[in-house]
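Alright, structures below, take your time with them.
Note that chain A is present in both complexes that follow, paired respectively with chain B and with chain C.
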Partner chain A sequence: MYVAVKGGEKAIKNAHDWLAQIRRGNTKISEIKISQLSEQLTLSVDRIISEGSLFDRELAALALKQSRGDLIEAIFLIRAFRTTLPRLATSKPINTTKMICKRRISATFKDIPGGQNLGPTFDYTHRLLDGLKGPKNLVIDTETDRAEDLDMPKILDLLNKEGLIEDQIDTLEEPIDITRSSIQYPTTRAARLQALSRADEGFLLGLAYSTQRGYGGTHAFIGELRIGLVAVNVEIPELEITITVAEIEVTECETINQFTGSKKELAKFTRGYGLVMGQCERKAISMALVDRALRWKELGESYQNVPTQNEEFVISHCDNIQSTGFVEHIKLPHYVDFQSELELVRKIRSQQMKD
Partner chain B sequence: MKSEFLKKRKKWLSILSQSDYGQLSSLYSDLKFADKYEWIKKPEHASVMVRGRIGGIGSQFNFGEITITKCVLLLNECMGYGYVQGRSFDKAKIAALCDAHLQSFHYNLVMENIIQKLEKKKNVEIDLIKNQMASTRVDFFALDTQRTKNQKADK
Partner chain C sequence: MDELKYNFAYLDEQTKKTIRRAILKGLSIPGYQVPFSSREMPMPYGWGTGGIQVTSSCIKQDDTLKVIDQGSDDTTNAVSIRNFFKRVTNVQTTEDTNKATIIQTRHRIPEIPLVEKQILVYQVPTPEPFRFLEPSEFETRKIHALKEYGIMHLKLYEDISKNGHISTSYNYPVLVDDNYISAPSPIPKFDNPKMNNNPAIQLFGAGREQRIYAIPPYTKVISLDFEDYPFEATKANAVCQLCGATDSYLDEIIIDNAGGRMFVCSDTNYCHNNLLKKIYNP
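Entry: the complex of A and B
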């Protein structure tokens, strides 16, 4: 049991003032601007957006600065802020097929309609510290780099047409919102995807890696990975129209996984799905792997007693704000708590010594 | 007639919502309107829960939220609605003023000097993304392995 304590106002104020000083650092060095963070530390900002589960680049950059670059602290600030916003509406589902892609690749098919487009990627760089070479002009050859035929169908739809991969049926079921009602187990795939999309990247990455190393094993290929802009459409009842209220950047990963079939069904491929706000490729891939592993029951696979088959384990521990809240709270005063433990141990010892 | 108006309004509201605040406010001030409006609903920040679909095509799930700013005002007997992305009261106000003007005899003025210019800038940005992406298009070649070499030799 936790018993509240009082006092320490002056010490707390001084601690926070010192924190503000340290956050500013050496005043001979110019102060960093929010716009510099949102423009130049884009992937940190994107991670705050994704795990804070609120798409607002300016706010995420402000949180990054206020938290001295501690991403979980920044995500905490965003989560706290989002609770102050009245919810105006729920959007129509975003259409990722109509994404204005910046990157779009498939690891399963070499020749795809719309082509393999690398986008601004770290892939194929040498990972050498090179002193931050400045931006270079892109060499765009308008003859061969035709932008007009960038119609990009979903790769998995192509497999779907042949019946080689499971279809994804719209059951028209109203999904639960885990920010409004607590998750009951067993839960739905919709609830899991919402939880995974705002989950801690590191936690998902570790779990995804575990499935590849043999704790479970769903053998995933990246059918398609795309990053780009999608429109957010909202119905405005008083105007009787649906308008685009925003455009957001998202990362989507669709995996293709083996499925040997059963007595009822022919062998076909199955799907894992990752969708993350911002440019968070590592997380989108991890999410798709974990999503697929969690579907073992639905697909009639055997239970292998591995973490990624246990939805309660994964979903209850994937949120870094919940995790850090509970793990870190034990540093706060527990004097009364501990006092009772201390008395108990003393009592047992004295009893044992008498015996 | 009504549906034609709604179609146009849908388009201009969608362009205003995603516009760059700096560009919108400078284009608006260039028109030098002396606006006398009254607030029906002052600007307020809000969130919208964005939905996704499982596998991109299946059932819906709640994906995450975005910030928006909303307001309603009355200008020359026209109700102007401002729905914009992000948290700018002023941007929402200007969007609502544009929406009201677009329902009045200022339609052509605002359409040509604001909406079309915003749309043009947006299209330029999209074209730039598309061109840049196309410039990173690759052709991967699968190299011969000993196995494929043997297969070719057998033929």
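Entry: the complex of A and C
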């Protein structure tokens, strides 16, 4: 009689070998280069950057290749690498007012100072497959001009001049770093925004949809959505200078939501905020809706018992690396616990049969 | 890119320090769940990242490591974790419970009694024993702070009234040092009594939930029960068909298409040692 109590080591090696082979695919077809991925699958790379919380296009593309295109697996590779990196400095907050925008739109005004700028969007494409030869790409030799001196004021700031929208008040509190300390509930908006910014796009999308459809009500207008480059600045205390260490692409979404007011306070609109690394528009919009929904208590709204009003529910379940780990771990051996359940059910059944 | 270099035991020293502080706090308040800033590890959450971080923070060059999953050194995940530590620490590993200084485990406590200076590291999925009675962390922290522990006894009572038995067979709640109710991690309740007054240090790491807790050596650990329904450490009513042990926790293995089955020790090192004894001292 043969009982397989040994063999784990060999099984793992074989599985890894097979994985390496299948990742390569048919060897008659040339192997994809990391630079091809970072240049041509840019939105996949952007999602890995955003949810992996590490701005490095080359590493994100490497992760995409290593993971056979499984984005959550790729995000996981990046997270596991990111956590080993030393913290050399803390940058100053990025200034999105000074963003060099490649896309910038407002849904609340027909025209805006600085202009509406569609940028590279799918929005008005017809979703017709381009045929088996693939999409018709456009090749332009010259680099696009950098419109650095264009004045693109924030639309919500313009509203604020009239006092029509709530002020953004800096609490001056040092925000916690959710990658360096564990979140305690109830938590702060700063901690929530950090968690939402690296949250799973699909999860946030579903939550945002639920608030629009009827489980809650955020009634959002997109005040402004902008995508572009911002400078990352670091202050060098010894030299008393600030230097730009990097330029990163971010997507920012500011929503204008239902107004509040009371006898004492004039009616005004409220805000939702989304900021995501890379070009991740769907995610930034979803984030702004969920942020606004989670602010119900601060804004004196009533509790409607919907998921997006429960910060512990949203924040504890939004991270896809945590979710996928716990959901998928049930495929690991559990036979010891199952055995104890088997014994218990047999015992209860035999008792029941006696009765 | 060339091969990336990692620190001894993967985590950087700063992170290890913060984890050690959480461990020391846990040892000072037995059974209390200490929040810590859990890191993403190169294995998924649910694969033992909490235990791995605890082991990484405790392990030294001269340690001997044993890793088990379901009581066995050769289950796939135990092999994988052992290989990880070999790769990032190069320490000695062993399958022999007696020779190990650190034992990382998932779902079992070894059959051979542990001794002083050994560390048993548990991988914990859900550190909060009240989680399935109360989903909110905010609320469960209050339950512990106020020691409002009645609902756990109520749950056990409802089990008895519904099924005639307490229908918790693993992860059976314990009272540590007459103070905090804690989750022993999903070990079968057969193993619970081994936690009591154990000479070894017992450390619990929950990576995804970002909690560490601990039981110092020689601490009183009691499984919750009632006077008329005392706690029972149950196992299959059989003997190991490989080594003949009557006192060990048994796995049931299906051996043919007709559903025929055999029972063998879940602790493979214990079983192996028993077999050796039989061969050399028949």
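The definition used in the following text is that the second predicted complex is superposed on the first by the 322 of 355 C-alpha atoms of A that agree within 3 Å, B and C clash if a C-alpha of one lies under 4 Å from a C-alpha of the other, contacts with A are read in each partner's own complex, and residues count from 1 in each chain.
As a convention for this text, a residue touches a chain if its C-beta (ideal position, glycine included) is under 8 Å from a C-beta of that chain, and two chains touch if they have at least 3 such contacts.
This is a predicted model, so every value here is computed, not measured.
Legend: residue contacts after superposition of the two complexes on their common chain; A:R47 is shown touching neither chain B nor chain C.
For chain A, the partner touching the most residues, choosing from chain B and chain C, is B. By the document's definition of touching, of the two partners only chain B reaches A:L275; chain C does not.
Of the two partner chains placed around the shared chain by superposition, chain B and chain C are both touched by A:P86.
By the touch criterion stated above, A:K347 is placed in contact with chain C alone, chain B being left untouched. In the superposition on chain A, contact of A:R103 is made with chain B only, not with chain C.
In the superposed model, A:K65 makes contact with neither chain B nor chain C. Of the two partner chains placed by the overlay, only chain C lies in contact with A:Q322; chain B stays clear of it. In the superposition on chain A, the residues of chain A contacted by chain B and by chain C overlap at 82, 86, 179.
Every residue of chain C that touches chain A in the complex is listed here, in rising order: 1, 4, 6-7, 10-12, 35-42, 44-47, 49, 69-72, 74-80, 83, 107-108, 125, 136-138, 163-165, 167, 169-171, 186-190, 208, 210-211, 234-236, 242, 249-253, 255, 262, 264, 266, 268. By the touch rule above, chain B contacts chain A in their complex via residues 6, 9-10, 13-14, 17-18, 44-68, 70, 81, 83-87, 126-127, 129-140, 142.
Here chain A touches chain C in the complex through residues 1, 3, 5-9, 11-12, 62, 76, 79-84, 86, 179-182, 184-186, 312, 316, 321-322, 324-329, 332-337, 339-344, 347-348, 351, going by the rule given at the top. Interface residues of chain A, counted against chain B in their complex, comprise 50, 53-56, 58-59, 82, 85-94, 96-97, 100-104, 110, 115-121, 138-142, 145-147, 150, 154, 156-157, 168-179, 189-191, 193-194, 197-198, 228-229, 231-232, 234, 236, 238-248, 252, 254, 271, 273, 275, 277.
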